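Both complexes below contain chain A, partnered by chain B and then by chain C.
And then the complex of A and B:
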């Protein structure tokens, strides 16, 4: 089985998972308390007003018709119309998505930059001071709740460092890039970086800690294998033994965790986004739950689900690239 | 230092492992001379220190292990010229132990190389076989291109180069000529369609093919000494013969020295010019194949030979050696002959650790056993329950460290 076939198989599986997500979110609505008609109409509205509202929203159709309509709309990438604002849900969510992706990617990249070298050092100097320091750091990182860390960072940074913004997002990464290349103005980029720095650290700390531990234990496991001895015996420089052979094999299982974690970061940035007023889909979801805008809630959940599946397919492809056994088996 | 044909002389080598359970004397006071171009066999049971000895030579002992004492003299006139005026040089010989780790590292692949027991676990599963062999070629190519610089293999290819190599093909470690050479090597060891097989991963090879590939990899640097650590143990019998034939053939062609480590006496008989029998970290008997196989002196060697079935002879019951391999923990190792407790001919002399004694005047055949000089007589024999009887009370009553040392004193 080649890589292409492998990816097709994974994609078909992904589509089935997405269909499951869509179906569950659709039916979830009927299980939760709170009726959109009551949320949208004034409390003193008469039954005919309520009836017309329900008719407009399509709530009077039998469930299977509603479901079929919903799926048909989704296939045309139409997530429906926001019940509260009357605007297209797809556009509203899409407008919020880049902020979340930026934050999740920034957090992941910061984590990898810190964690992988730390894990390598830790494994190479096992039972020495630097190993204990790295192990201690990862223990702290794993046990620190990120809402607390976020608030602490805001307090500490605001007091000690001074004028670093502790919330919001002025420019998007895209805008900053355009400014940099078209206007040769790096200021937009600086502004973006300074805004994303604290939320990315907050979101990434747990993952950094986890990744450090995984890298350390993975390296130790790989270093004990015979092929490492054989690779040294043939005279390969230690740098290549460590990075081309040992670290590369260590990263194979870590890639899987990385993918799962990136998926979680997209959906799970809710608290961090809220603490730092980051305008992503996490904080958006909280707002829409308060409004009981079911169309948007469903839309956001589906986008998160699709994101999760897509990332996992990408991860599987990388995994197959790194581990030749996956493709041939 | 008289025999100039020795390629390797090991004197008093001690390799120890400092574990949580105590100090393990894996190799204890080992002396051996290996002649240029011969096949020297090291035989012994599991846990007798064979592999540790091999790893000590190639400098791959890792923590918690360490070579604590001894000298490993290796014949290399060119290196001797470079290091002249230092303690590490004696004529054409250099003492590996006195060289820096970087200098020793340079000998791996180019002077010494090693093949391991299980080919499946000795190749990196996620890199193609061709690429792995090419790495070995490349390492030697780079070292040769700058022989003066002892760090040629490491400093000129760092992490940055490796990371850039992911993007720029010119920065890749392995070059095209090395890949071509890897294919040639695969062809040399008899792998059909070497160009296609080079692109395959280790799990796509059979065990025998992979062992051939490992031999190809070991030959990449045209080594002077090839250490083969149980090269056929993981293979099935028909493949074993093929791999041994290949090794013998390559040895004749290249004239390299092979240090063959095995527990299989059949392999030794088939391949080796001289043999050393290892027991509890030391060589207890050594000599030419004829000396050791036809005229064994040490009861352990006799026991090993007695435990092989003879297909031609009368089907007698095989004679196993009683007891188990001794503990190599320092505090459990007695001052007597390490084999005495299992030895059917243990005598009063054996309570003192025997030095290496020559068996005959030709100087090749030697053993660490008093039987080389004295005849076994029943009068001096230790009682059959001597060790069995002393073990329990001695460990309970007296200091457990040296139960036999005190007993030995009583007898003398």
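And then the complex of A and C:
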């Protein structure tokens, strides 16, 4: 089986999972009390107004027609109308999406910058003080609830650095970039960075700890292999041996596990956003649960589920590219 | 199921690993605290001490050794004056008090009960759902495996916290169950059935007669985490069905159900036990996140206390700090225990970690 065929198979599997996700969220509506008609009509509306609203929403149709309508709407990227505000759910969710993506990306980048060198050093100096320190750090990192870590960071920064913003988001990355390049104004960028810094550290800690562990154990395994001796015997400098050869082979298992752990990152984003009032889809989800706006809740679940499946396919593709053996399995 | 060889490798791993020892001791400590909270807690966990009378008022007291000075500008004899006051800790509140004047240490001890109950029962329930599911998929393979595991993959398409929040949202309005679990020690002390056999009888009798057990949250964490058990059990069953003894059992006409129960299940338990241990930690983290967000039926939990302390965290840092430390210690010790079991029993296990 070639790489292309592998990807096609993987994509078909992904589509089936997405269909399942969509179906689960469709039935979620029937599990929840509160009906959309009451939510969208004024309380004093007469029965004929309510009837017309139900007709318009397609609630009088048999369930398979409703399901088909639901799927058709989704294919046209229409997630429905918010029960509370009457606005388009797609637009409301889309407006929240960039903030979450920025946060998740920033957290991933920070984690990689810290964790990979830390894991390499830790493996290189096995059973020395720096190794124990790194191991302790990663144990702490995977055992700390990140909402608590966020609150503690806010206190710590307030005491040590002084007042810096600990909640909200003024400008998006996009706006900051536009300001920088079109107006040569770096202040937007500074504002963006200072707001995202603490949430990104908070969200990234678990990932950093995990990545450090993985890098360390992967490096230790690779360092025991004979080709390492061979490259050393060739006279290559140790840094080159470590980072070019050993680390590269370590990356393959790391990427797989990271793909599996992306759910933790997205789940972590939900609660990190809540702590820092970060206007992403995570804090939006919690808000809508409080409002019981099930159309928006369904929409957010679909966006997260679909996003997660798509990211996993991308991870699989990268994995297949790095390690052609999986394709033939 | 636990053979001599396993016991031996557990023991030798425990002897060589300091971390395993620390983990084991900490877990025993947490279990003892959770079980004997009415004896050990210095105060009633929900008794408030808010009053205009400074003698009675015990709000926001710092932990012992953390007294601090504060200055306050107020009207004294018709004049604005800055008054320096020293906030002294009260020696009967070792870890300080919260904004309602409740004793933080006592609340942590009672919170341990909820964490332990939800963690252990949630993991057991997830095992009970996931293991038969995974064994069936792995043992039969092919179509059955494909369709069952595709179903499981759909659960994995949602991050565990997101799924948990959505499920709590669904259950919240229909059947949000709480179960009052009576406290046998307190009842015994109150009815004086054991008489002088209950040490500190009066103190124990004054403690809450029951604790609120969050049924919905326990169900939700199990529904969110069973997939990991299904995956591990499936992998094991797939390997075990190739074994000679399974083929032999088949050839003498044993039914599939019998083979699964008698051969596949016992031989796949080791990784399941390791996973269950790690999952207790993951579930405690998940429970704390849910109660932090206000999605739990009980307010006597570590997560809820963190949420309560958040708004005042800049001044009264200990209110949010202490319950967080309790979570970290509990989760670390379970992770250490899990590492010990894994190193001793089975080194190849995956599973989603924390929040």
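Convention: the second predicted complex is superposed on the first by the 288 of 329 C-alpha atoms of A that agree within 3 Å, B and C clash if a C-alpha of one lies under 4 Å from a C-alpha of the other, contacts with A are read in each partner's own complex, and residues count from 1 in each chain.
What we mean here is this: contacts are C-beta pairs under 8 Å (C-beta built on N, C-alpha and C of every residue); 3 or more make two chains touch, one makes a residue touch a chain.
Everything quoted here is computed from the prediction, not taken from an experiment.
**Student:** Answer with first, second, both or neither: which of chain B and chain C does A:322 touch in the superposed model?
**Tutor:** Once the two structures are laid over each other on A, A:322 reaches chain B alone.
**Student:** Per the contact definition in the header, classify A:230: touching chain B only (first), chain C only (second), both, or neither.
**Tutor:** A:230 contacts chain B only, not chain C.
**Student:** Applying the touch criterion given at the start, work out whether A:274 contacts chain B, chain C, both or neither, answering first, second, both or neither.
**Tutor:** Only chain C is touched by A:274; chain B is not.
**Student:** Pick one for A:243: touches chain B only (first), chain C only (second), both, or neither.
**Tutor:** The first partner, chain B, only.
**Student:** Have a look at where A:261 lands relative to chain B and chain C in the superposition and call it first, second, both or neither.
**Tutor:** second
**Student:** Does chain A have more residues touched by chain B or by chain C?
**Tutor:** Tallying touched residues of chain A, the top partner is C.
**Student:** For A:199, select first, second, both or neither according to whether it touches chain B, chain C, the two together, or no partner.
**Tutor:** So A:199 meets neither chain B nor chain C here.
**Student:** Considering only touches as defined above, state whether A:32 meets chain B (first), chain C (second), both or neither.
**Tutor:** second
**Student:** Using the touch definition from the top, list the residues of chain B that touch chain A in their complex.
**Tutor:** That would be residues 55, 58, 60, 105-106, 108-110, 112-114, 116, 118, 121-128, 132, 135-136, 139-140, 143, 153-154, 157-159, 162, 173, 201, 203-204, 214, 217-218, 220-221 of chain B.
**Student:** For chain A, which residues count as touching chain C in their complex?
**Tutor:** 13, 16-18, 20-21, 24, 28, 31-34, 139-140, 142-149, 151-152, 154-155, 158, 206, 210, 257, 260-261, 263-268, 270-271, 274-275, 285-286, 289, 292, 297, 301, 304-305, 308-309
**Student:** What part of chain A is in contact with chain B in the complex they form?
**Tutor:** Going by the criterion above, the answer is residues 225-227, 229-240, 243-245, 248-249, 252, 322-325, 328.
**Student:** Of all residues in chain C, which touch chain A in the complex?
**Tutor:** Touching chain A from chain C are residues 150-151, 153-154, 156-162, 165-166, 168-170, 173-174, 281, 285, 288-289, 292-293, 295, 303, 306, 309-310, 313-314, 317, 320-321, 323-324, 327-328, 331-332, 335-336, 350, 352-355.
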